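Each remark here refers to the structure printed beneath this line.
Letters are used for the chains, namely A, B, C and D, taken in the order the chains are written, and counting of residues starts over at 1 for each.
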Amino acid sequence: MKLKANLISGRTADQGAHLEAKTYKGYFDACAYCELNSSDLGKLGVSEGDSLKVTTNFGEVVVFAKANDGNPDGLAFIPMGPWANAVLDPDTHGCGMPGLKGVPSEIEATKEEPLDMKSLMKQYRED
Amino acid sequence: MPVIKDAVCSLCGSLCDDITVTVEDNKITKIENACILGHSKFVGMFEHDRIEKPMIRKEGELVPVSYEEAIEAASKILVNSRRTLSYGWCSTSCEAISKAIQLAEETGSLIDSTANVCHGPSALAAQEKGAPGASLGEIKNRADVIVFWGCNPVHAHPRHMSRYSSFSKGFFSTKGRKSRKMVVIDVRKTDTAKLADKYVEIEQGSDLLLITALRSAVNGHEDVIPETVAGISKEEVLELAETLKNAQFSCIFFGMGVTQSRSKYKNGDGVSSLISDLNQHSKAVMIGMRGHYNVTGFGQVATWETGFPMAIDFARGFPYYNPGETGANDVLVREEADAAIISAADAGAHFPQKAVRHLAKIPVIQIDPYANPTTELADVVIPAAVVGIEAEGTAYRMDAIPLRMKKLIDTEFKTDEQIAKDLIAKVRELKEGA
Amino acid sequence: MQAVKLSLKKANKIPIEADTVTPDNLAGKTKEEIEAIPVWYGNGQCPLGDFFTVEVEGSDSAENTKIVFEGDVSRVKRIGQGMSAGEIEINGNVDMHCGFGMKGGKIVINGDADSWLGCEMKGGEIILNGNATYYVGSGYRGESCGMRGGKITINGNAKDYLGEHMCGGEILVTGNVGLLPAISNNGGTIVIEGNATMPASEMKNGTVIIKGEVSDLLPSYKEDGTEEVEGVSYRKFVGDVNAGGKGMLLVK
Amino acid sequence: MSEILIKNANVCDPAQAINCETMDICIRDGKIVESVSENAKVIDAGGRLTMAGGFDGHTHSAGKINVGRFINPNDARKNLVPGLSGPEARTEKTRAQVGYNTPNTYAIGYRYAKLGYTTICEAAIPLLAARHTHEEFKEIPILDKMGLSLFGSNWQVMEYIRDKEPEKLAAYVAWGLKASRGYGVKIVNAGGGEAWGWGKNVSGLYDPVPNFDVTPAEILMGLAEANEKLQLPHSVHVHCNNLGKPGNYETTIETMKMFEKVKPVVDRQALHVTHVQFNAYAGTSWRDFETGAPMVADYLNGADHLTFDLGQVIFGPAVTMTADGPVEYANSRMLHEKWSNQDIELEDASGVVPLSYSPKSFINAVQWAIGIELALLVDDPWKMMFTTDSPNGGSFVNYPEAYTYLMSAKKREQIISGFGQMALDRMVLPGLDKELSFYELAIMTRSMQSKMYSRPEKGNLKVGSDADVAIYDIITSDIDPSVEHEKVKQAFSGATYTLKDGKVVVKDGKIEATPMGRTYWVNAKVPADIDSAMQKDTDIKFRKYYTVSKSNYMVEDSYLPIPVEISAEGEF
């Protein structure tokens, strides 16, 4: 089953605390996840820590599932960082700012594991 | 053992300047008054993944070289480029930013700051309507209504509410939190929203509709407001408008929820107009919640040196400014840039995939104290001192108040300012040679 | 009559800035003279001939000069900037600022146009047979007046901020437009035959007609009966009330 | 040792009562000297008009101007005065330049130098943001700089005046000047900044400031007393209450009168009233608005305790920027213009609003006339400083144009002929045929500043003075400025030579060299016991109300590349 969600990215304290430790697992843990509310997670039949594949018109990325009941239905949040940016909208809308919030996405359960930061970036260098 | 008082925390735009730092054999062993972010920066730095030596990429691998070799390699990239993007310069001092701008001018480059993916639209908004603001102490001493719109200080600016806003006590706001009504407008119930007296949940991307409805209410045109706007009932809109109108002093703090959402800079533009309208009834100001500790400083320095706050294109020898055309992401996504120099910011982590993929294709020079995703794309890596800890300099708080950052410990690493100077000198030398 | 044909030799990524390529500037010039005209390419200048094969027939005044661009000039900016007479035909996609500040003459684009098409235009005509991007007929950063005169016809769609700060002239879009067309406009007429979102924010003056669907009409317009235009009846909205606006927004 | 001999200079130096006499000027190591050796470098002035370097004693060129730049990126491409405005690519000698009303810092230095100016005084430094002003000073090439620090709505100031603590007040002013590295005391709409903290304003000299129980009059007198107690080189520098309001000429004269009882302890005025044009309005509303210049000039002609500057209006786009917060908000609502505001905790307010002066608007036409009327109706040029309050009345690059308004009745007629009858009925200018001489112009653009700011080494060509010299392409004996005003304008728009400290910085209107100028600041001595008593009070302010630590407040030495510390011996 695929969940249609509105994807936003943003800061978190944990992401901020790892700004200067981005090569470490702590940063991976702080950024490589997607928050949905528990009912949306339920619809996907996944629980926290399971893998999710997030797909948009601009790419796809695998991240961990995380519950946040502060999110309304159909709102997905990924902390700002390379994982979120793998699927965000590059169009700068004539004013310089890419689409980092409000990107239509499809989210599904997956068996794949999220890539660590270096492997993610390595892809870009090699493709 | 030396204890340094009133150090300035060089992490976020709050620029707290009451930090007490204990230094033992050139290491920071204790830090007082800082938040979790500041603590990780000051104490955590000794575990962080420091770039130990300058490096140049050879056969796909970064190999250590001397500063001189790295500067030479970087300068060659700059001299041979027709359209260099210089990006970042926000987690550094104004003195370094000034030199970075001179380097961009002398190499006919394009220079942009992290505002490109943060508060750039707030600058465009100010260029439409102006920016009616105040220093943070005005909020501390006077504000009885505080609105956080599309921002989450609990996470992004942890001490903001205790030092400057919700919880702080001031001359007229003697009871602190009790003296103030706190309103949070957001698309999800954030940890900041949980602390609010009033939480308004709007449909993502509909900020301008709510702002416009509030203006209509404040300006006495209730009749044009439909029964629901942005997912909020007319009644709730009118109530919020009354709260703002009846305030003695209100401040709208706004964040990337406002700048990055649909209708981008028109949101900030609308907030600015709302503030102007509100001043017909009471005192109101607005302040952007700036992220990188000196992104405000970049805007200040760039504005007095080039006339523009960001996205400055020196291709023709004089500054040209047009975000949407001359922004960092504009020239990367359009694959215009044929080289990039990225300093004190991390495009690799914070730009959309399409832009990052282009960075991977062109020569990239990185100047930074720490390894990060940009390092994975870089061809020349120049390690730098940590400004605000290993180097002093000026930074501007989110309310444009300039502060002097202290040097707390010694270092072997060159400062961003020195590296920029070295690059200018080497570029001149290569040009004369040519 | 003078005809100048400019064929792009090979596609480029770094934009060429062709603000010197106007009928006003090319009129009466020979092939060699035109090839020698300097254009900006990144942080340096090169002769036009480095990028284009130049063919010239005849020699005449600006009003009787026609420039034809062949090939993909989607990375050639500022074509026809400030032109006052003559004609430019572009057979392909064109980059930003085409027809910026133009005073007279005609530009026909058989392809798509990137942002700032005809911005701060004062006179003349632009016909786009393709899709436009952002800020058609708008003003540059900080300006309070964009397009002042002339006409832009878009036989296709346009994206956001169409006609921002427009003070005069006419824009016709036969397709759909994106977000916030006619922001802060203070005169002129915009006709959109397709759909639009959040139209006419802070309009002080002017007329905006939307024949398709309107999404997210801003809560700053007063409905004021109907208005008949060319035999078609529209719902009439007046505003923007927050700008003390007397603008007219006509919606199907 | 570097020596220069300027031959055949047609010197106009009012400080020495030299009125266009041809002579030589000798320079050694940056100073004017009696004589030089034969191996001195010779500059032949060819009988051209030669003056001391110009001194703009009231300009907004560092600090607040950055807000103007920020909200008006469209100003950067304006090129209304070719050669002195608009974008210019970098050269081997100069940095890139942009702008007209709000040029970048480099353009400010180059363009003032092209006009023959070598010293400027920034009109408003907010104490808490003073580092910013000095950071911009560092990037303004060539010129010597100084700045005036804002005290007029400062909590500590108002409390000391309310509590009758004149000595602590003086100590605080001394400390504030040191903290901001300021040169003098600026008072803007006394008390109005604090009222604006609540979105209000003070209505006049005797309208108490909310919550502080002091009146603007008491603030003005209190600070004047402190200023004299500290024996500061400059008098208090006052932007009167009710600026920009019809009928405000009365408040202006009342303010001037109030200062008759202030006895300056330094040989200079007791008061400087700035941009008086904006404060010389008669009428009761914009409907019956008319010039108040004759009344103000009449008072000034009978008074000898003060100086003033014009705040002349230039038609076309301008950017208003002032610490008078409420005025800017009112402007933005009246003109439907962008509005920026920056209130500074415990200290002051400020605002920035762009606008355009049009000869078709009778109000703008009368404003334009008032500045000139003041210059023509006031008899003694030593009381008058020429300014446009740049860029409030218009950009400084228009000074040469404005000189011709003062020097040529014909030029004035040309412009006045475009005015409507309503405008003509509200001004007295058409009846004035006075035309100022080069000698009077030199006084208003150089000489009086030297006295007004107690900088004897500036604004004159006396032996011992700084060798700041401007040579203009004018042969005074064969030009009639009244008729050949266009020639006069051209000559003043690009000096044949500008020398700064004996170095040629401009030649034939082009930048030759870009040395770094000095920054003057005043260190006023205060008895230790009074100082420490005052420090205890400010400690509380910082602990409880400021959002920065006191130890991070003072501007550090590193912000002044070439500091010149002027000591003032307080009299306690």
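In this section, a contact is a pair of C-beta atoms (placed from the backbone, for glycine too) under 8 Å apart; a residue touches a chain by one contact, two chains touch by 3 or more.
Bear in mind the structure is a predicted one, so any value in this text is a computation, not a measurement.
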If you tally C-beta contacts across C-D and across A-B, the winner is A-B
Min distance from chain CA centroid to global CA centroid: chain B
Whole-Å distance, C-alpha centre of subunit C to that of subunit D, is 44
Between the Cα centroids of subunit A and subunit B the separation in whole angstrom comes to 22
Separation of the C-alpha centres, subunit B versus subunit D, in whole Å, is 34
Expressed in whole Å, how far the mean CA point of subunit A lies from that of subunit C is 38
Each of the following residues of subunit B touches two or more other chains, namely 124, 127-128, 262, 314, 316, 321, 323-324
Flagged in subunit D as touching 2+ other chains are 71-73, 75
Note: subunit A residues in touch with at least two other chains are 93-95
Per the touch rule above, subunit D residues touching subunit C in the complex are 71-75, 77
The subunit B residues in contact with subunit C across the complex are 81-83, 107-109, 124, 127-128, 206, 208-209, 212-213, 215-216, 219, 221, 223-226, 229, 262-263, 266, 273, 277, 314-316, 321-325, 334-336, 338
Residue positions on subunit D within touch of subunit B in the complex are 62, 65-67, 69-73, 75-76, 87-90, 95-99, 102-106, 128-129, 131-132, 135-136, 139, 155, 197-199, 211, 329, 332-333, 337-346, 352-353, 544-549, 551-552, 556
Contacts from subunit C onto subunit A in the complex sit at residues 115, 133-135, 159-161
In their shared complex, subunit D is touched by residues of subunit B numbered 5-6, 8, 17-18, 94, 98, 102, 105-106, 123, 126-138, 140-142, 163-164, 169-172, 248-249, 272, 276, 279-280, 282-285, 299-301, 303-309, 314, 316-321, 394, 396, 400-404
